[in-house]
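Think of it as A, B, C and D in the order they're written, each chain with its own count starting at 1.
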Amino acid sequence: MNPLLEREKGLLELERRIEDLRSASEGKRIDMSAEIASLESKYRQVLAELFGSLTPWEKVHMARHPRRPTALDYIAGFDAFDELHGDRMSRDDSAIVGGFARLGGHSIVAIGQQRGRDMKENLARNFGMSTPEGYRKGERLALLAERFNLPLVTFVDTKGADPGILSEEHAQSEAIASSLEVFAGLKVPTLCVVIGEGGSGGALALAIADRVLMLEHSVYSVASPEGCAAILWGDASKAEEAAAHLKLTAADLRGFGIIDEIIPEPLGGAHRDPEGTVTRVLDRVGALLDVLETYSLRELLDARYEKYRHLGSWRDAVAGSDGAT
Amino acid sequence: MNPLLEREKGLLELERRIEDLRSASEGKRIDMSAEIASLESKYRQVLAELFGSLTPWEKVHMARHPRRPTALDYIAGFDAFDELHGDRMSRDDSAIVGGFARLGGHSIVAIGQQRGRDMKENLARNFGMSTPEGYRKGERLALLAERFNLPLVTFVDTKGADPGILSEEHAQSEAIASSLEVFAGLKVPTLCVVIGEGGSGGALALAIADRVLMLEHSVYSVASPEGCAAILWGDASKAEEAAAHLKLTAADLRGFGIIDEIIPEPLGGAHRDPEGTVTRVLDRVGALLDVLETYSLRELLDARYEKYRHLGSWRDAVAGSDGAT
Amino acid sequence: MADWLRGGRNRDKVRDDAAQWVKCPSCGEVLYRPDLSANLDVCARCSHHFRMRAHDRILSLVDGDFEEIARGVLPADPLGWTDKKSYPQKLAADAEKSGMDEAVLCGFGSIGGHEVALGVMDFHFRGGTMGSVVGERLTRLIEAATARQLPCTIFTASGGARMEEGMLALMQMAKTTAAVLRLKASGEPFITVLTDPTTGGVSASFAFQADVILAERNAMIGFAGRRVIEQTIRQRLPDRFQTAEFLLERGHIDGVVERANLKSTLERILGYARAGRERRKRAELSA
Amino acid sequence: MADWLRGGRNRDKVRDDAAQWVKCPSCGEVLYRPDLSANLDVCARCSHHFRMRAHDRILSLVDGDFEEIARGVLPADPLGWTDKKSYPQKLAADAEKSGMDEAVLCGFGSIGGHEVALGVMDFHFRGGTMGSVVGERLTRLIEAATARQLPCTIFTASGGARMEEGMLALMQMAKTTAAVLRLKASGEPFITVLTDPTTGGVSASFAFQADVILAERNAMIGFAGRRVIEQTIRQRLPDRFQTAEFLLERGHIDGVVERANLKSTLERILGYARAGRERRKRAELSA
């Protein structure tokens, strides 16, 4: 089922052997440093081979990896974070976290979609799937950024919006639609990083931004591969096939102009060096905030409009030319 | 308990006698028109005596009279009404009704607090006490007036905001506070008529307006007399005493500058001529909308600010003079 | 009758005789198609609202002619999608079957004397799914409404985002949203009428961004599909769940309208919009 | 120490010895008042937060001096209210008991180097009820914050509107609301800290209009009073109902803060406000 596990099995075997050799050589006379170096070199080679060209389906699993850094890991990397809660009306959806933060010279508002890092947290955080109350919390915090006149940074990581009965009863459609409006018109610089899985409208609700970045092995899709397979073929088990079709990798989306930048991950994926990944992402966020601060609000809003205005691909029979992207 | 019932008893006796005489004289030879005219004259005299000087407590009962015209009666008097529903999120509180309306040459948005006219309707409409969802519905419709650039007319008639568990859980305070903000800043002319009981913050939530009118025998109070008596003396049965203290009549409030105009009622109260009352109120609303349309938005907003800015009564020890009103 | 409308009607004539009779899925009554059409595709016996074709919808609403825009915007195949059939093959099949070249028609017309920008989605083409063409046509419509200072009304009917265009389809939610924002900033109202079904990416974008949101009786409206929810909660949903009437009770929409009353309802709402526009113009003049 | 602050503290000295000991209503511990004061009126044993006097609150927050404003605004008796006592008698009794001349202190000071408009309500004067003076003082504070381009922070503690001023008291909700709107329009943030208790007309106006709403641990916060609700539903409410922690779970407020952390929390939030103001000034300069 999980193609990454197969790949990682070989790596784990190598890791174990290297570790064994190290333990064996430690405190003993026999110098095994040559053998260790050789194994390490082999390890790096295998790593590069295994992860140099992941299939879309493998990327989906990479994006969902349980040890992959989550929104709160990036937030923990800020110089300061003051969490704020609730939609002001009825709930504090823990699938959305947010608050004031400091990153280098920037004071910002940060919002993240937070999945659980284990089953217990996943249950508490509804697997990172927001309810309408969560989107309304996010919208409120986005408007708070505007009120405080601070840039907004979002971390996207969700399979999609919560598809439960209560979410429908509390107008999930309206919550997402309203969030889109707020993000499209927000009068401060906005930046979004897709750190894991960007699933459907539930991701887009927090992902309209002046700059949209993706981690190399994260995915961002019109529907989850399982959902797409269910919709098109009535068979969620054909998810791998759907993933191959959906063009959901960072490189695909950079090609379509849907995202602005790809942040490289360590070989083997972000979870193999979480701290390094967090640092790299936050460094890039900080640098781009510097860039965004050089534009006037009018310039930002016009550019934001133009960017989304031209997304799509169509033939123009009248003009005789193809559409944008 | 109800002081009005006592007063009305004598009237009903007279009414019955006049009716008896009429029936008796009908189709008979004996001309009793002189006797009838005499009784009718006496009736008018008693009416004037009884209702010429109601006590505050009697006015409270007048304002709550079950046959007193309600918001929907005024709305039915509009030339057109297209009802709109809901808070866009979770409920359609029927204690608040609203929609587009036409009144003479004016297209407007109208919002009313609707109590029940019998026990069944009272249960359905929660006795006219709004939940947070109701205030959010009202706020949404007020903002819709702004979106459509149409004047807003509200009809206030509530004992107060709903004091139930769910209303607290859904942030009644926030709902009212937010509604106040929207009404204070609404970028269209606004007009409010207190048609029955204006109870506390639950009434004020829909009552910040460029012109606030009150029907002669309606009341508008910082708390219901029962609530006030309970708060101050721990005894809701001292409501009559509280009513005497609270300065809740239209004349009192006109004196404080809290309301702008008093609309006279028929002798004996609005319920004795509902159609006439509705017509009189709507005529005055239409005329005042004409007046409000002669001001620019800037003038309206400045005047609205100044009006509320100066409400209150205090000593100014530094200036050596008393405060406003 | 204007060219545009005749074009829309002609396509009925090619149908064979068997297709002249339809069975009402709600009450079982067998209905003669011309009668059904004359009754706005509403079952005369039980008032079941059949899904309406975009041409018929427009015909049922506009006073005179309809100035279609963006008809030259036609689908491409950005992902080179092929499963059982290629995406272009699917598009061609639907075009043949539905007489539509995409899932929305956009243009300008008058409703009861009120000029309006009108977009009408059609479930018969790819389930009304939104891809680049639906997004682009609607965006051009909304932008044109902003430029001409007219209110915009969109009839939705959609299974959501179109899978075969992947993320480009999803981005149409952002694109139309941006256009709606500018329409609103210009002071013109936005009105949607949600028809059966309205779900997913359409429901979660412009459908629920309108100032006034109406729905046709018994239309199915929601974010997640019924099946998805039932799989999640592992039980059957009540029949009324996600119906227009259910949403009205829950406060999501302004009203539920019978199709027979839709034109007159829109006329009145557009009348309020016109009154507001006249107030704005008067204020601009005196400023 | 500045005059203002000394004035606030002096009033402690007149208390007799018996008043030097207080029993914690939560854990029963008997606490020596100077110790309790030194611990910000928090029980050292169970962290119960006693209701704080406005002077002590300000002392616990501001860096140096406090520039009080509107202190000349004093209560009148617009309704000529008399029940067991006259309203002026009630006011005089509370003034004697509390050392306050009304239920709020307003002025300007710095918190962690951030200049701020600060209003602090005091439950010890007329249960923190809002009459014309509370409304006028707060309105002057908010207007002054707008004029000076500073954020405004209000600590609420109130039983609601003051009955003895009738509708003039209710209108203070409208008056402060109007001022809050102008502050927000000027771009300055508004922050409230809800302390025990915050209800009625204060809770339903500026308390819940803030951009950031904090609450002190275990503070009772709600619109309707507990007794009113219990009478309505004819059953006892759970103890946690309407506590700050309950409201946090329900999403009503941004956070619950221990009194010991309040100054540092406000410092950080005012720091974000300053950063935003600096962004605004830079934009204005380059425009």
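Here is the rule we go by: a contact is a pair of C-beta atoms (placed from the backbone, for glycine too) under 8 Å apart; a residue touches a chain by one contact, two chains touch by 3 or more.
Because the structure is predicted, anything quoted here is derived from the model rather than measured.
*Asks:* Return the chains common to the contact lists of chain A and chain C.
*Replies:* Chains in contact with chain A as well as chain C: B.
*Asks:* Using mean CA coordinates as chain centres, what's the chain A-chain D distance in Å?
*Replies:* 42
*Asks:* For chain B and chain D, what's the span in angstrom between their mean Cα positions?
*Replies:* 33
*Asks:* Roughly how far is chain C from chain D, going centre to centre by Cα mean, in whole Å?
*Replies:* 52
*Asks:* Two or more other chains in contact with one residue: find those residues in chain C.
*Replies:* Touching at least two other chains: 208, 250-252.
*Asks:* For chain A, what residues touch not just one other chain but two or more?
*Replies:* In chain A, 88-90, 169-171, 174 touch at least two other chains.
*Asks:* May I ask you to sort the chain touch graph into line, ring, star, complete or other?
*Replies:* other
*Asks:* Going by the touch definition at the top, which pairs of chains touch each other?
*Replies:* A-B, A-C, A-D, B-C, B-D
*Asks:* Name, in rising order, each residue of chain B that touches chain C in their complex.
*Replies:* 80, 82-93, 100, 106-107, 133, 137, 144, 147-150, 293, 296-297
*Asks:* Sort out for me which residues of chain A touch chain C in the complex.
*Replies:* The touching residues are 161, 163-165, 167-174, 176-178, 180-181, 184-185, 200-201, 204-205, 208, 220-223, 227-228, 230-233, 241-242, 245-248, 252-253, 256, 258, 304-305, 308-309, 311-319, 322-323, 325.
*Asks:* Taking the complex as given, what residues does chain D use to touch chain B?
*Replies:* The touching residues are 71-76, 78-79, 81, 83, 131-133, 135-136, 139, 159-175, 177-182, 200-201, 203-209, 221-225, 227-229, 232-233, 237, 241-242, 247, 250-252.
*Asks:* For chain A, which residues are in contact with chain B within the complex?
*Replies:* Within the complex, chain A touches chain B at residues 88-90, 132, 169-171, 174-175.
*Asks:* Within their complex, state which residues of chain C touch chain B.
*Replies:* Touch residues, chain C against chain B: 184, 187, 189, 208, 211-212, 248-255, 265, 268-269, 271-273, 275-277, 279-280, 283, 286-287.
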